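Two complexes, one shared chain (subunit A), two partners (subunit B, subunit C).
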Partner chain A sequence: MKHRTFELSLERGDLLPLLLMMPTLIIILCIMIVPLIYGFVLTFFNAGFGNSGSPAFAGFDNWVRFFKDETSRKAVLNTVCFSLGATAGDLVLGTICALLLVKLPRIVSSIFRPIVTMPLLVSPVVVGLIWRYIYDPRGILYWILGQFGITIEDFPGVTMPSTALLSTIIAHWWQVTPFVVIVLTAGLLSIPDEYYEAARIDGAGAFNTFFRITLPQLRNVYMTVLIISGVDTIKIFDIIYALTGGGPNNSTISLSIYGYNQAFVQSNLSYAMVISVMTMVLSFLIFGIPFVRNNIASNKR
Partner chain B sequence: MKKVISIAMVMMLAVATLFAGGTGEATAANSGKNLLVSVWAGPHADLQKQVVADYPDANVTIDDVDYGNLKAKQLTSFQAAPGSGNYDVVWVNSLWMKEYTDAGYILPLNDYIEASGLDTSMYSKGLLDGCTFDGQIYGFPTYAQTMILVYDKAAFEEEGLEVPTTADELIAVAKHFKEKGTGIAFPEKQGSGDTLFSQLLFSEGGSYFDENGRPAMDSPEAIRAATIIDELGKYAIDGCLAWHHDECAEAVRMKDAPIAIVMSALCNQNHDPEKSLIVDTVGYAPMPGTTGLAAATNTFWVWAVASNATDPQAAYDLCEWLASPEVEKRQTIADQQISAIETISSDPEVLEKAPFIPVVMEQLANGKTEPSLVSFAAYKTELQTALSEIATTDEDPAVIMQNLQAKLETMDFSY
Partner chain C sequence: MSLRTSYKARRIALRIFMLLILAIFIVWTVTPIYIIVSNSFRKTIEMKVMPPKFIFEPTFTHYEKILTLDRFGVFFRNSIIISCFSTFLCIMLGSLAAYGLKLFKSKIGQRISNVMLLGKMVPSIALLIPLFIMMNRVHLTGTYAAPILTNCCLNLPFVTWLMVGFMHDIPDELIESASLSGCSRVSIFGKIIFPLLKPAIASAVILVMQSSWNELMFSLQLTNLNTYPLTVGIARYVGAVSVDWGKSSAAATITMAPIIIIGFFLQKYLVSGMTAGAVKG
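Presenting the complex of A and B:
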């Protein structure tokens, strides 16, 4: 059997693809990979803003501290709860809204669609501030609840640990659901009508049609939304920071807020880096692995 | 290809012309000196912008940032190379001074002061001491603030109540109003309650560390301060648990609360008819401890020169001008800020505009400064969490303070 060997030929232009990709690779290396490695290395030192000279080597001290630290454990728990609650709500509410918009007559849905998507245009910090006023006892929420005899004692909103995290999740739903609506509406419109027609002929009800046609057809759309929205919620900072600042009693402190406090309030960059790396790991564990598995399954199919 | 190159050249020319025009204007007006100043976007920021517009020796741009992000932005600016858009002058919270001087972020000013012949004895000694480390003055104090009682005289008269002079009387007044459907307003949001705690701790005669340098949050004074806050919390107006200083000041101003513990820097708005419903009925009193002593936490702001300032001399000149008696008096009259220049607080013209100044000065006279340690930020963070726990749970404040003490004892406060 004759073996053919590959010989790199400059004349044939074998290096051209690599050359064309080089600027992108260099940029990615400089602005993503190098800072990431630098940040990871920093976790083994005691670095702070303005430390003169080389920071002292700390070994695994910062990592050990993370796993022993009561606040970091609370931050992990809050972040996971926020992420799961926020993402689940985004998907459920987004699906309901998208289905309603698709079912509406075109002229009506063309009016409602821009209205529904408006919160998406608001910056997350502003969302936090808006909801701060909404949750204020003198604000609109308690005026509405008051009409049904519900007071701040019944639903303390952001003032008590029991409901503070839920309150921040609700604010997040308000902002991010429109994104899910936009993506899912596009997905719904791409499902061929023939499928629904066949289901109707076969006598399938709305429930069966949704779970046997709509959901499977939207599988990839949901995975895309899940990865984007999910990772976004793991990194959550702005809304919580503006709304509660992590309180009361650390009941809404997220990993990002805890990391920010360590870096900029306590000037403890190394520990903040540990928190950031753990945020990345958590993000991969919760949303990265299902995404990779789904991709592998899709490729096999 | 030629077309693309031509378009690119035209665009580059347009951008170059734009920038050339911008700098040219500044050069003509101020001999080419441009200074970038970082300040807190508090209620005085607009006035500061008006004031610096009259500075004759440079074109001054104020970058006002909300308190929550101010330090982070200043720290980032200190890392930049001179002339790369970094701050020349920074308005520093007195609590950050030790950290900034240790890290070399701000310049010692002794040489500049000596060269200009400035008489620094006009500044309150206590406040100037807060800017002095190892014999070097690192900035000029200004804008002192402390928490005082603000109340609506009409509401007190209606209820036949006297102005409280001790902590127990204050709790009784708060209870009375709570039973009437309102209550006292004071900042209880996590991260906001530590200033009030500090004042009460100092009013009770306590301190953050004992004589051996050990944290002292299990001392009777610290537990008493926490208990007063816990008691006041029971009679606070609805919503206080999510309120920062601004919301509390607004609550009393808008007659939602008949009494509030307010940061003095926000009191100027009580006299603005467009923002206040208590212009004619507002009253001020010291924030008392158990014995009636009202001690302030000496919190103030400092005009300082960034070490990476492009032109340190020009930055120093601006600081000296901003902290001068003329500019301080102008700002006090316009915005009722508390100057570090002692003679201003007794100026009749100033007192007429800012009737709360004597109360603030009384507290500042009994004032103490919080520990100047970089690691104190971690102490404060733990304290803030404990205070939030006191505010939101039924747990005994003494137990929470003892738990806090146990946690603090595992931490390093040697730097």
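Presenting the complex of A and C:
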């Protein structure tokens, strides 16, 4: 009898939805929220691997250190440059390809798609490895460039600080542009043909059509692409870790790489956590605020 | 007449130009993968010969070496265990949670799933450091559970959000008529919603599978020699120390081949999973 009433309350009440969500919420709580809070608390102590007792209270020392530290400033700058360069390149290259692709017959895109999705599935650490071989002084890139008379002195690739960051950005373009192409192609196909018809009747040129119709219609698509791939560029770790490891001379060090090195090489867990929190703040400032605003706007509609 | 032919000629020229640009894009995409795969079958001396020969005598010595000497066979097994369990757990929990969110009468479910998506903004390094300490304390580091739980958690927000979006498309009348004919809410999920979710599940499978198969940072610290997945194997041995092109090319090929093959067969779902959020808005 008791069993029955329980079943009844499951059927009617709001207990069932909560019960269904419980495992997900517990995992997110244990693996994401609690560690984040614990990590934030950790920034006010001096935690390392060596000290076995409770870590000493440090106040704001680690935070002050972050703003005084020259390497951290460099890491912030590199991360922002990487993020902007990578995202801008992905979007521009992806837009060009997608625009071409939708103009061509269906058969072309059905051949094109399986080929172009390959880089997306490759592990970023393997991407780093692949590009390490491409940038090798005796590798394929310098052989091709050599045909045009460009030597390693003209474009030093990952060996010199001047071009190392650009080289990592190129590797990232290789991997992520296909994602933009695929998402944008789907977005472009969802724009009703009548809009273009109307533009043609009004005598709008290709340029005007793109900026007045295509871009505004794709607003949401671009927003999602920015949020998905943009946030990933702020967190960039794997490609740089495998390609340059942050060098030469810290020229490609990103916040994630710096944080990782501080934590697991230098054993400064607390300072590493400060760097991580700042990475999160940065990603929220650049991509989180547009995301939230976009969400509020779409909720109103 | 001549006007029309010149128009036609211009159109054809434009077509050819467009195809040319796409061809360049394809070459740019394929070449790096081709280089690494073909190098894994080349003899070490032939590797740095430029221009590379397209036809060569394949050798399997690099594969033999990394699979036996460098324990990549073990890493391969670990990768399969970790990514399969992460995917299974993540999709089970994610679709249950999405159904729970749908059962809320108001629009709040959709909103909660949007808030959960903010989880994507948390950088892995910010989770890794405290998790490393916590998991050490409960002796989870070095077990399969550590990477499985973290992979599952990292993907749960997105999977839940994806499922909420797909469930939104299921007409309410279908559910109402089922509940009128006496189905309980639990059996509605099993009999109606879950079968209709198959395409969404296929999308989630390939997306979660690739992200857990390719995950590096957590596994670097949360696993040990017996539970290293392939990505860590590459980062630890091949990438950092060895300059043996053949061995690392073979390792890279082993790492990327399975997921590219799965992705090829689940192609349609991969694309629909990636575009679902973007195009629906």
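In this section, the second predicted complex is superposed on the first by the 266 of 301 C-alpha atoms of A that agree within 3 Å, B and C clash if a C-alpha of one lies under 4 Å from a C-alpha of the other, contacts with A are read in each partner's own complex, and residues count from 1 in each chain.
Just so it is clear, a contact is a pair of C-beta atoms (placed from the backbone, for glycine too) under 8 Å apart; a residue touches a chain by one contact, two chains touch by 3 or more.
Computed from a predicted model, the values in this text were never measured in an experiment.
With both structures placed on the common chain, the touch criterion links A:Phe264 to subunit B and to subunit C. Legend: residue contacts after superposition of the two complexes on their common chain; A:Gly230 is shown touching neither subunit B nor subunit C. Using the contact criterion defined above for the overlaid structures, shared-chain residue A:Asn295 touches subunit C, although it does not reach subunit B. When the two structures are aligned on the shared chain, A:Arg138 is found in touch with subunit B and with subunit C.
Contact with neither subunit B nor subunit C is seen for A:Gly89 once the two complexes are overlaid on the shared chain.
A simple residue count on subunit A separates subunit B from subunit C, and the partner touching more is C. According to the touch criterion, the shared surface of subunit A, contacted by subunit B in one complex and subunit C in the other, consists of residues 132, 138, 241, 260, 264. Residue ranges on subunit A touching subunit B, taken from their complex, read 49-52, 71, 132, 135-138, 152, 156-161, 241, 244-250, 260-261, 264-268. Considering their complex, residues 7, 10-11, 14, 16-21, 23-25, 27-28, 30-32, 34-36, 38-39, 42, 47, 96-97, 100-101, 103-104, 108, 112-126, 128-134, 138-140, 143, 174, 178-179, 182-183, 186-187, 190, 220-221, 224-225, 227-228, 231, 234-235, 237-238, 241-242, 255-256, 259-260, 263-264, 269, 272-273, 275-277, 279-280, 283-284, 287-288, 291, 295, 298-299 of subunit A touch subunit C. Partner subunit A is touched in their complex by these residues of subunit B: 68, 71-72, 75, 78-79, 99, 102-105, 189-191, 238-242, 247, 256, 374, 377-378, 381, 385, 388-389, 391-393.
Contacts from subunit C toward subunit A in the complex involve residues 15, 18-19, 21-22, 25-26, 28-33, 35-36, 39, 48, 50-52, 93-94, 96-97, 99-101, 103-104, 111, 114, 116-134, 149-150, 152-153, 156-157, 160, 184-186, 210, 213-214, 216-217, 220-221, 230-231, 234-235, 238-239, 245, 248-249, 252, 255-256, 259-260, 263-264, 267, 270-271, 274-275, 277-279, 281.
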